[in-house]
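Reading through the structure tokens given below for one structure.
First chain written, first letter: the chains are A, B and C, and each begins at residue 1.
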Amino acid sequence: MKRIGRLVVGVLALGGVAGAQTTITIATVNNPDMIVMQKLTPEFQKKYPDIRVNWVILPENELRQKVTLDISSGTGAYDIMTIGTYEAPLWGKNGWLVPFENVPATYDLNDVLKPVRDGLSYGGKLYALPFYAESSMMYYRKDLFAQKGITVPGQPRWTQVAQWAQQLHNPRGGVYGICLRGLPGWGENMAFISTLVNTFGGRWFDESWRPQLTSPEWKQAISFYVDLVTKYGPPGVTSNGYTENLTLFSQGNCAMWVDATVAAGYLANPKTSKVADKVGFAQAPIAVTPNGSHWLWSWALAIPKSSKKVEAARTFIYWATSKEYIELVGRTEGWVAVPPGTRLSTYRNPNYLRAAPFAEIVLKAIQTADPTKPTAKPVPYTGIQYVSIPEFQAIGTQVGQFIAGIVTGRYSVDEGLAQAQAAVEKIMREAGYLR
Amino acid sequence: MPAVPRRRKSSLAPPTFWLLAPAVVFLALWTQVPLVLTLYYSFQRFILVNPDLRGFVGFENYLSLLTDPAFWVSLERTLVLVLSSLGVTLVFGLVLGLLFFQRFPGRAWMRTLAISPFFVMPVVSALIWKNMLMHPVYGLLSWLFRTLGLPPVDWLAQYPMPSIVAIVAWQWIPFATLLVLTGLQSLPADVLEAARIDGAGPWQEFRYIVLPHLARTLSVVVMLETIFFLSLFAEIYTATSGGPGLATTTLPYLIFLKAFAEYRIGVAAAGAIFAVILANLVALFLLRFIGRNLRAEVRG
Amino acid sequence: MKRLRPWLLSLLGFLASFLLFFPILWMFLTAFKREEDAFSLQPVLLFTPTLQSIAEAWTRSDYLLHVQNSLIASLGSTALALVLAIPAAYAMAFYPGPRTTTLLLWMISTKMMPPVGAVVAVYLVYRTLGWLDNIWTLALLYTAINLPVVVWTVYAYFREIPAEILEAARVDGAGVKEEILRVLLPVAVPGLASAALLSVILAWNEAFWSLILTSAQAAPLAVYVASFKTAEGLFWAKMSAASLFAVLPVMVMGWLAQRQLVSGLTFGAVK
């Protein structure tokens, strides 16, 4: 009996020492910058040896589903959630997130770009800290354009882009005129399409919340999009989201690509891109209006109220979004690969400016993306590539599917938009926006 | 069948009730109770992310589905998937079953390899087919087509349902093959001998002796595969996510979307009830059809 | 039957088995390639094998946790299913009553119900009970899903066992428990093994409930592999590496137990 007693005490003592270890679970997207963050976890452990990090890496659509389910049901499976400028204000408003108050001075919150900070706040409180922020822009192959003697202005127009796509489309040579998102998802194809509709003068809802999907601007924008991707896009457009197109362009298969500014680092990095020295950068194309032509987004780290390890989670988030982390990535992965768009200091850092020829364009894009003025005509909502209402996840998902159906020829543009319009009206009616 | 007559209930018989109860209660708790709950939820408005909107809404969810073109499309897609997969697996299962029934060198290990797809996790199967075989730029099929001078096909975008059927069939042909093989092994050799002596050719042998004998096995294959195919999910989730458009959105996948992507529990529950009704109708139909045929075989 | 020459049959057999097995083989090879070799326009047949992709796939998430979860879910649910099924099958096989057939048919009917019929309710109940993202509660669910199959397989096997063996034990004064444990089970091991095998395979490969009910702690291999469903740059080698261990154990088990599986899956209808 005595021996067992001593054994028990011994085990408890050990447990006491080991018990100082906390494990936090972080859910994130399978984008390259996040994967780098995971790779650098040992550096975090060195600094904070009693915090273990458990990673759940998911594709974007699935991450959103899982995280939304988890937080709305208070399950508490995740201590840190990777969310964006869509979720942060809405969930902050619902009281689902732990606000970031009393941020230490060493973190230098004022260094974080204002539009990004605003995008992650509600009612004056900050609910997530940005890991990276982005707008959208155009990437193109300088070498291919030079061959055809075309110069790309700093601010191209969509009509020009259509022409260039035709001229540069060379499937036999493995180069497609233009790569654009087609994967259905409110944060996948609809992010891009919303900006296209905006710049063509369209809007999601009028001032009375009536859906506008059958308006002439929508028809024009979608017809243009479908035409462009079916004639000059790669095969399998409707399976291509951000990461697929990133792969295609970096492997040399696209002449042009309009997508997130965060891709710039990956594309200009010889370690990850076969065309690193051939990439050209320009602002996202415009059509009728510059409003809403490029989006504002930030993937940020937030702590759900249901987490039981708020302190440890906060420690990790401060680490991963700090100037020191950016410098760490600069040292280990190269300055071209640091998470962009979050801090002014990054854009004043000579190391970064030297390694990243796109820095100025990206900074300008982020600073001119205004979610409060996303369209030509007035609207009752904020948000450029989404509408800041809780129902938008359902709306965007459904409309995204219909547009993919138009691209694959399942519906004509009119049929597809009519069905999408009906679906959106249904949702808005059931949610009480429409009578 | 045991030779000794079994004991009926006597004072020495064990309490069968208590032997059966745990299994029955457990099963009822996990299958019947949820069904009743689903029925209850189907009459509620319940949005997971907006919990304030709860309330009894009668048949509104059912009507919402019946007036939703996506619902009817999903029904049609489900039938297409099930019937196509059945057709392909039966034909190839029969052919391969007959093939491996013959004696030839190497048949043992060849058969072992041939049945492997059935044990591969459906998620993995879908990933292998979607990426390494069917990818329109880097996939093996694309390389094959290019070598033959043909333009590569984007299988999952241009022929989504046939692609899913291909993935499902690849996994289930081995299943059908195994069952056919086992069924063939119970074929009495003397019947075949008699037929051969009478001068019957291979086709007649097949048509008048083998096929009728396999009727029972084939009906088992049809029944089981139908049950599994009606609720296929992993392949669609992994390979196409129901798209493009609604091309591969079957009823189970639609319900999944309604519940976990649109967070509309009430509508999803109504859809689930429809799915259960569909499964029951199919089961009834199958039992009658197969039962009738089997009885005819036994009599004739 | 077909009076074809054996060599022609061998050729056909080889073609069929090669075509069917090839995707698995290709995945297996890809797991040992570097990403550049895996993701290229021309298929790479000759390559230097590397363990790098496997290392990356295994460190990206807690791979051992996923393996552990798969093991708990499949072995745990099988063990519980056997514990529940053996007494029930014993009662039905050796003491059949007027309700036995109804009971058996009812059990089969629960297997016919589509999972979507229960998913909403199970998710909500689990959520209320705090049972989400818990591998043990997932195992409980798997038990219920596989119970009909296990009961049927064990029942069919018990029916083949002559009752005299049990008679002898009863004459010696053994109670029901001893009868089952000391006499019946040792004899029934082959049948129990095939039932167990079937249940393990079905639970291991399951990917519907596991996707919906688990998030981080309880994710089995199926869920981890599913996280590769969208492109992440060059990722095929990692994807194949992650799938290796998800596929190998079950495939080998299936190879070894082909016949028993047929019998089990068809509820004894095809032996």
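The rule is short, and it goes like this: a contact is a pair of C-beta atoms (placed from the backbone, for glycine too) under 8 Å apart; a residue touches a chain by one contact, two chains touch by 3 or more.
Just so it is clear, the structure is predicted and the values come from calculations on it, not from any experiment.
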Most distant chain from chain B, judged by the mean position of its C-alpha atoms: A
Comparison of A-C and A-B (more C-beta pairs in contact): A-B
Centre-to-centre distance between chain C and chain B (centres being mean Cα positions), rounded to whole Å: 16
Inter-centroid spacing, chain C versus chain A (mean Cα positions, whole Å): 38
Junction residues of chain B - those touching two or more other chains: 137, 241, 260
Residue list for chain A, restricted to those that touch at least two other chains: 61, 73, 174
Overlap residues in chain C, where contacts from two or more other chains coincide: 41, 226, 229
Partner chain B, residues of chain C touching it in the complex: 1-4, 6-7, 9-10, 12-14, 16-18, 20-21, 23-24, 26-27, 30, 39-43, 84-85, 87-88, 90-92, 94-97, 103, 107, 109-125, 140-141, 143-145, 147-148, 151, 159, 161-164, 167, 170, 176, 201, 204-205, 207-208, 211-212, 221-222, 225-226, 228-229, 236, 239-240, 243, 246-247, 250-251, 253-255, 258-259, 261-263, 265-266, 269-271
Chain A contact footprint on chain C (complex, rising order): 41, 60-62, 127, 130, 132-133, 215-217, 219, 226-227, 229-234
Interfacial residue positions of chain B with respect to chain A in the complex: 48-51, 64, 68-70, 135-137, 152-154, 156-158, 241-247, 257, 260-264
Chain B partner contacts - residues on chain A that touch it in the complex: 61, 65, 68-69, 72-73, 174, 184, 234-239, 248, 253, 390, 393-394, 397-398, 401-402, 404-408, 410-411, 416, 419, 423, 426, 430-431
Chain C-touching residues of chain B, taken from the complex the two chains share: 1-4, 6-9, 12-14, 16, 19-20, 22-24, 26-27, 29-38, 41, 96, 98-107, 109-133, 137-138, 140, 143, 170, 173-175, 178-179, 182-183, 186, 192, 202, 205-206, 210, 216-217, 220, 224, 227, 230-231, 233-234, 237-239, 241, 251-252, 255-256, 259-260, 265, 268-269, 271-273, 275-276, 278-280, 283
